Every structure is written in C-alpha cells, then in structure tokens.
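These are the structures in question, set out in turn.
Heads up, the next two complexes both have chain A, just with different partners, chain B and then chain C.
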Partner chain A sequence: MPFSLHFSPTPLITAPSPLSKPSFLVPYYHTLHAPKSPLCSSMEHALTHQGKQEAFDLRPEDSQTLPLGLRRDAMPSHVAVIMDGNRRWARLRDLPVRSGYEAGVESLRKIVEICCKWGIKVLSVFAFSSDNWFRPKVEVEFLMSLFERGMQEDTGIFFRENIRISVIGDLTKLPKALQELMVNLEEATKNNTLFQLIVAVSYSGHYDVVQACQRLALKAKCGLIEPSDINVSLMEQELETNCTEFPHPDLLIRTSGEFRISNFMLWQLAYTELYFAQSLWPDFGEAEFLKALLAFQQRQRRYGV
Partner chain B sequence: MFREDIIIGIFSGWRSFLRKCLFRVLRVGPIPSHIAVIMDGNRRYAKKKKIDDMTGYDAGALALLHLIIYCMELGVKYVTAYAFSIDNFRRHPEEVQKIMDLTMESIMLLTWMSKLRLVRVHFAGNLQLLSADIQDAAKRLMESTAGYKNFVLTICICYTCSDEILHAVEESCKEKWDDGIGIMGYDEANDYERLIKVVDIEKHMYMAIAPDPDILIRTGGEYRLSNFLVWQSSCCHLSSLGTVWPEFGVFYLVWVVLDFQQNYRYVAKKKLQL
Partner chain C sequence: MWHLLHVTIHLCYFAINIANALESHLISKGLLRRYKSLHISKLQYLAIVIESEDCRTSNVIELLQWLADLGVKHVCLYDMEGILKKSKDFILEKFDGATLFQENDVLLDQPLMTLEFASLSDGKEAVAKAANVLFMKYLKSGSTSSYQGEQIFTESQMGEALKTVGGNGPEPDLLLVYGPARCHLGFPAWRIRYTEIQHMGPLKSMKYGSLIKAIYKFTMVQQNYGK
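What follows is the complex of A and B.
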C-alpha cells in the first residue's frame, strides 16, 4: 500500500488498548472518579462492579499525530459507516453468525479509538436497519443482547474518555430494557464533548424524513408555522441528527464491496462523499480507514458550483 | 445544434443493427426498469478536447440523446437524467444561460422525437425557477406526451431532492388540512391517521411518475449523489464511472447493465420485501 504505518514518527496506539481485545478478557479495576451526570442504577452497577478497564491513552500529544499523508485541515468532521459483512466474515471462517457480529463490535471499538485520536468529531454507525427486523428471530434477539451488553460494558470508557453517545431510530420496537439503557446513556453522556458516537438502531432514512415531516405537519396544523414556511432549516431541526453539531456526514464508508446506501441517512447524505471498501467490516481496521480518509482528502467537493 | 437527421442516423444503419444484436444477448438476463444518470464531466471533457465549456455541454446533450435511444432499444422503461441542479444557479451566469438555451433546444427536439417514438417526457423540479418561455414549452411538452406509456424520460431541472421533499411536505399539509381544522379541533388520538405518511409524501414528489431507479450512474469519477434522488435511491445499485459524460457510450451502458445483473438478486429481494 502507498503509506506504511512504520513511517509514523510515533506509534499510533500508545498503550495496550482494551478496545483491541474482547472485553470479557480485559482485567477490571475499580473506577477512580465519578461520572459527569447522575446515573441510573444499571450504569452505576456497570461502573462500580465491572470497574475500570485499562484505558486507551488519549494524551494531548497523541491527538496531534496523524499518519503520513493525512492533512489535519482536511479531516472530515463527521464520518458515517455502514458496517456490512459481519455474517459473511463468519461464514468464510466456518464460524457461527454471532461470532461475526462480535468481531464487528471489536472493529467498531478500534475505529472509535482511531477517530478520537485523529480528531474526527462524530462517527455515525448503521448498527441495525428497519429492514433488519426481517432477519431470523434468533439473530435479531442476539443482536439486541449484543447492543445491551456492549453499551453496558463500555459505559466506563464513554465517561472516562468524554465520549457522547446518541441513538437514532425507532426505539419503540426495541426491548424495553434496551430502550431504557439507551435513553439513560444518551442523557448521562450528553455533556461529553471530545467525540460523539451516533448509533443508528431500528433506523432508516425514510423513517427519519417521515417523522420529521410529521412533526412539521403537526406544527403547521397547530398554527405554529405555515406550510409555506417549511424550509431546509426547519426540516433539519426535526431530523434525528439534530443531536449533533455536524448533522451531515462528510464521508460515508460502506464495507464488503456493496455499492448502495441501503436507506441510511438519506437527507443527510445529499453531498456526502461515498467510499466503498471491499473488505468485510470485521477486517476493516486502521489501514483501511486510512485509505478511506486519504481518498476523501483527494476529492474535490464542488456542491454544484 | 441538433438536427433530426442525427436522431434518424442513430436509429438506423449497421451500427444500430449490431447494437440491437448485442442488446438481444443482454436481454437474456434481467434488464433494469429504471436507469438514472448524473451527467458529470462536461466541463472536464471540454478542457480535455481543448474546446470551450459550452461546446462541452452540447456534447453532453448529444450523449444523453444516444442514451435515450439505447435504453429504448434495450427495453429500459424509465430514464431519468440530472440536467440542472438548483445549486447550479451559483455557476457563472454565462454557463447557466447556455444550459437554459440548451434546454430550450432539447425541448424542441424532444417534441419532434416524442411523436416518432411515443416517448413520454416529464420535467421534474421547481419549474417556477425557469424563465416563462422555457416553463411554457416544458408544460406543453409534458401535456402533449402525457398519454404515452411505453417509455418515460424524466429530465430533472431546477431540482434537488431536499427541495422535492420540502415541496411534497408542503403539498401534503395543504391537502390534509384543507378542511381548516384549527388548534381547538386537534385531537391526537383521532388525528394520528390524518398526519402525513410515506405514501402522502411520495404522492407529491416530482418523481412520483416513475418507480425508484434500479441503477444510478454517475460519470466523471465522483462518488456522491449531489442531492439527486437521495430518497428514491435508498436501495438502488450505485455505479460510478471514471469516464466523463460526453464519452459515455454503448459499451459503458452494457458494462453497467452486466454489473446490475450480477447484483440483481439483492434488488429483487428488496422489491419483494416492499
């Protein structure tokens, strides 16, 4: 490949990172400091009994170091990812499908860590589409339990590393316990400022636009606005991505070689640069991410001019 | 710039015969019902050929004409082309005027061609942003071809998908509450059905005339949608070609259709789910 990580002046990962290992293998320690916001009982449990994992080390000087070739001024503020290929990854290795999903979670943890270090402010991930409800029930139930487990286990990291979690999608279809966990986690991390992870669960771009349109229609019906007043700004206030300062992804990455958007963030992707990676999501690591960012930085964005 | 003999020349001759044989082979597999194109690269073509940008646009219009005829021969039913975005008004006024003049010429040519081949022509976009003469000509062409069903050509002009969605929401609101129920009449339990739904929005979209595209082609080597059919292309196959638009010919079309045929299983599965 054109850029080798060996040429970086300092190692990109400074300490053994818990995100590079399956979470159940990492030794736990008690937490050293209180979280920023009041917690529900399940999150208190997560912090005090599961304890503190060995942190990935975000010393200020790490955030200044970018791999060779990447320009800080041209880094995307918001990257969106369609994490495709987990099941294929498992099938290729004669593993059960759930192993593919678990490997996908590990891959996501690595990418979140890299985003934090390289100064990307927002990462949106398409974790579960509205269409995915059509999948076998056993698989869907496993995914729900994986989301719950992942959020509980990583709660400590979110607080410690100043990561804000936002969840978008039709949460009413999720199990009650998972809904509650997500809502509480969102609320508790809403003041975290270093990095924002937006997880799209039970989400579709059509759903997002329709629910925004319904809210606008309701406002028009109640006389708060006229139908002719409905504009881009009003629309964007009602979309689910109103939870972030950067609602429009600069770059969308889709793994596994499929060339489609699959109903992810349609309104928001109007001017987004699309990058289609051939590798499957569990294999999408730092090298592939670097390739995507380098390709993004070569693009000329004209916005119609 | 266009002459009717150019069109007649594309339809006839030994090249047409060879093309039809090639398409007959392609038709052994599934053929996309709707192809959408972002015609990018006209200015780069002009730079490459050392001609002025305006001539580049003329070459682009000719390439579109070829595509329409190829698609008709192949059995594609809908073709949608991104001719002019609302964002393009920010270009140089001379360039914008050239595209408007080209649009008028194209309307004249399509008026003649639609009678020859029974093509329904539709203009999708905020046509009120066009000058009065182009608006009138476009509306007359749409009305005169409204009855043709074999082939539908949609030209997206003064179009962005954001504007399309906002227009659809506004029209849906006006339709739903034409009976004038005010704040006091609002009852959440009963009025939920009266809130707008997906079907209401889709009914009022500029692109309501055609189904969602099966393939969206972008030339010019860029990988982005530029606010074109973002709503409609949620599950369609995207194809980005390195060639600039005026150089898009029959072999690129064949390549794109073969690529579609390889991915057809997914598209068919999605259509069944819907």
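What follows is the complex of A and C.
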C-alpha cells in the first residue's frame, strides 16, 4: 500500500522543512497542497497562528467541538484506512512517485489530528502490504527510509500528544534498524492513552490469520491450551490487532475509488462499515473524512444481530 | 438551523435516490449505450451477501434469474445465519437453471449455473477448524520447533487445510451486498483478498439496472494487486 509514516515537526498547513524531503520537491509543494474545506477554515486559522510547537496541541475546547451533523455518541471507536492513490496523485502532477508518498504523509498527519480531536480512539493504517514487496526495489527502499526517518523525527510528538504507536505485520522482512526502531517506539509509547495509531507494515490478512494459527499451535504444543480448545475466540486473541482495546474496526475507508479491501484485516472486517472514497489519499482531508463519518453514522448497523 | 440542515440533507439524498432509480430504469431498458455489452466472461465467480432478515426466496430466485440472463455462471449465496443454506433445495427446485457447486468443480463455462451456499460457519469457524487440522499435522510431523519467530505454517498450507474442512471455495471476483449496512457480514474472509465489493441496498428494493451497472463497473476495473 502506498503510504509512509512521517510526522514532520513543522505545522500542519505550511510547507515541510526542506530537510524533511529532497530539495527538488519543495518548489512544487505550495501549488499542489490539497484544497481546504470551508468547514475547517476556522480550525486552520487557529492552527496557523499558534506557531510551530503548538501545531499538534489539543486545546480543551477543541475536543468538545464537532462539525455540524456529527454525533459524538455515534463516533466509531476504531477507524481503519487503506491509503491508496499516492502514486497516481504524483503521476497526475508529473511528479516522481516519492512526492506522492510525501504528500500522503501530510494527509495522514491531518487525519490523526482530526481523530484525536473528534474522539476516535484508534486509527489503523495500511502502510505497506505483503504484496508491496514486489514493487520496484528503489521504491521499496525509499519507503523503508521514509518510515525510519519519520518515526525518528516524530517520536517527540507521540510523547507530547500521548499517542500510542503499535506496529503489526511481518517485521522480520524489514531492515534491522527499522525493526528495532519500531519495537522500541511501541514499547516506549505503550502507556500513552489518548489515541492509538496502528501501522500495518509488511502485513496482510492472510499473514495475520496464519501467524495466529502458529501461535496457537505453539501454545498447544507447550501445553498451555488443549488442541480441542482452538476456536474462533482463541483465534481472535492471537491476531495482531489484539494490541488494542478495539480490535475490530467500526469503519474502513479506502481512498482512490477502488472497491476492495486488498488483503487488509480480512478477519477483523466482518461487520465493519466499508466506505470507498473517490479522492486520492493525498487529497483526502477533513471534508472527505467528515463525509465518511456522516455516512457511517447514518447507516442502520445491526452488527449481524 | 439544525432542522434546515436536516431537511437539506434529506432532500439531497432524495434527489440522489431519484437519479439512481431513473438511471437504473434506463439501463434495464437498454437505453444507456455503454451498459449494452457486458464483458461477462471477466466475472468468473460472483458472491451475493444478503442480510439474513431480508432473505426472501422469491427475491433471491428473481435475482438468480437476472444473473442467468446476463450469463453469470458461478454464484455463491451467503447469509450469516444460513437461511439460504436451509432453503437450498427449495431454491434449486424453483430455479431450474442451476446445479449445486461441488468443491472440486473447476470454473469452466457450463450450460447450467453452479450455486454455492455459505454461512458464518464457513467463515471464521472454518478457519478455526483448519487451524486444528494444521496443528494435528504439525504434531504428527514430530517437529521440535518451539521458536515463536520461526514460520511453521504457510498460507498455502492454510488453504489446503481449509479445503479439508470444506471452507475454501473459489475467491469471488465480485461481491454484491444486499442489506442496509455496507459490510460483508462475515463472508469467508480467507476468500476475499482482492474481491471487488459493491453495496446494492436492501434486497427488496433490488433493481435489474443497478445489477447491470455493478457488473459493468467491475468489468472496467484494473487491479495491480499491490505491485
């Protein structure tokens, strides 16, 4: 999946520091920034004038304010996102693919901030799928370096904003340094409680089910459980999404107009509301997110009951 | 202000519904050119998910007839509670254009439509049973591995184990959801990695034109499978 996690310490709506991306990309950024929704203009005005350090601060009054039409009691606890469309976004602008990933990162930052302010507890993002390993080597290496750089640079934000980071997927395929970084970041933020960001890297739904079976088999072999105990409930507990209080997403958003889940959280999405947005991920902003949440709140959800 | 917003939103949705109904009518009458020729051969396997509360066999049979008219050859009917499974004989009797899908059936062109019936027990429960099968084989193999990081099972082994317990049919190319909620209600998850999913609304409001449109949209999709 075309996404990389890179929380720049710069304010949300200004161009990132030249240090955070190759300099030849910087001149293009201003003309390509996503158009603003009128709904968020007052929020943006406030953010712009708070300055660099306060860009991610959650003022108490903001946490109580929701856009018109959105009900706090019906907010999803866990939103999952397939952040599709970064490469297409870049191609449409005759930019290198890297620019699309960089723009996708900015989009993710905005959505994380909105989730924190609107009371969504968990956001899962499909950063890199098992299938993505077949992409061009140069592209994969760029993404790995982007992950590493992003996590290093944004550690301060995670601590300051009380954000817990969890990483799911087959990390053994990642560069060693990145593996260590991710494990350390997970450990260091495990007690943060305001919001949880789950990053799926080298992940697939098939992989998750198989690794859950494997863990159960090893437990049974060690005598911790009986083989006959293996059931749906035990499987659920061994899936990698068990790192959160809300392992089943209430809402899945996929951008770029594709209508499939592409091997993401196959088991967990049984009763998840599926929302397929037309916009490409770098263009997916507050207005689009609001539409998705409004659609979610309007559905008659019986949870299969 | 709130009431005004409420009314405005309702009017918008009303207008959208009218437009959709009109479009569906035009498609079913063959008046919209681009929907006239469907590349139906691209649709090898179609899954239909229906809310159990909405499972009316008369609607299901009518839907199957539409699909047969369009040339769809292989269909899986799913509802959580297995109501369609229980009505399998009745449906096959009333809709004489189909035979029961056998697990070893290859997806070839056949004179009659093949029908598969699935429910929740073919989804997560089947995976749990398959996990048991894998574990028993692992025990019998006498493997001494106890290292958690080592891979002892593979995805293809899981696929084989699912076949053993009767839970691994073909992966649908397209999944149509008939019901109020836009979710797949526990359709066997192992099978829908790359499946296109379309929400069709309640079964009782199903429209032939909407069905054609959904299949047409599917035939226009190009997937890169993550590469």
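Going forward, the second predicted complex is superposed on the first by the 250 of 305 C-alpha atoms of A that agree within 3 Å, B and C clash if a C-alpha of one lies under 4 Å from a C-alpha of the other, contacts with A are read in each partner's own complex, and residues count from 1 in each chain.
The criterion applied here is as follows: contacts are C-beta pairs under 8 Å (C-beta built on N, C-alpha and C of every residue); 3 or more make two chains touch, one makes a residue touch a chain.
The model shown is predicted, which means the values in this text are computed figures rather than measured ones.
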item: Superposed partners chain B and chain C on chain A - clash or fit; value: clash
item: Which of chain B and chain C A:Tyr275 touches, first, second, both or neither; value: both
item: Which superposed partner A:Thr172 touches (first chain B, second chain C, both, neither); value: second
item: Touching partner for A:Arg135 - first (chain B), second (chain C), both, neither; value: second
item: Contacts of A:Gly69 with chain B and chain C, given as first, second, both or neither; value: second
item: Touching partner for A:Gly223 - first (chain B), second (chain C), both, neither; value: first
item: Superposition clash, chain B against chain C - the stretch among 8-16, 26-34 or 134-142 that is involved; value: 26-34
item: Contact residues common to both interfaces of chain A (with chain B and with chain C); value: 131, 134, 204-206, 209-210, 213-214, 216-218, 220-222, 227-228, 230-232, 235, 258-263, 266-267, 269-275, 299, 301, 304
item: Chain A partner contacts - residues on chain B that touch it in the complex; value: 85-88, 90-91, 160-162, 165-166, 169-170, 172-174, 176-177, 181-183, 186, 191, 195-198, 201, 222-227, 230-231, 233-240, 263, 266, 270, 273
item: Residue numbers on chain A that touch chain B, as the complex places them; value: 131, 134, 204-206, 209-210, 213-214, 216-218, 220-223, 227-228, 230-232, 235, 258-263, 266-267, 269-276, 299, 301, 303-305
item: Residues of chain C touching chain A in the complex; value: 2, 5, 9, 51, 53, 80, 120, 123-125, 127-128, 130-132, 134-136, 138-139, 146, 148-149, 151-155, 158, 180-187, 189-190, 192-199, 217, 221, 223, 225-227
item: Residues of chain A that touch chain C when the two form their complex; value: 1, 68-69, 129-132, 134-135, 172, 204-207, 209-210, 212-218, 220-222, 227-228, 230-232, 234-235, 258-263, 266-267, 269-275, 299-302, 304
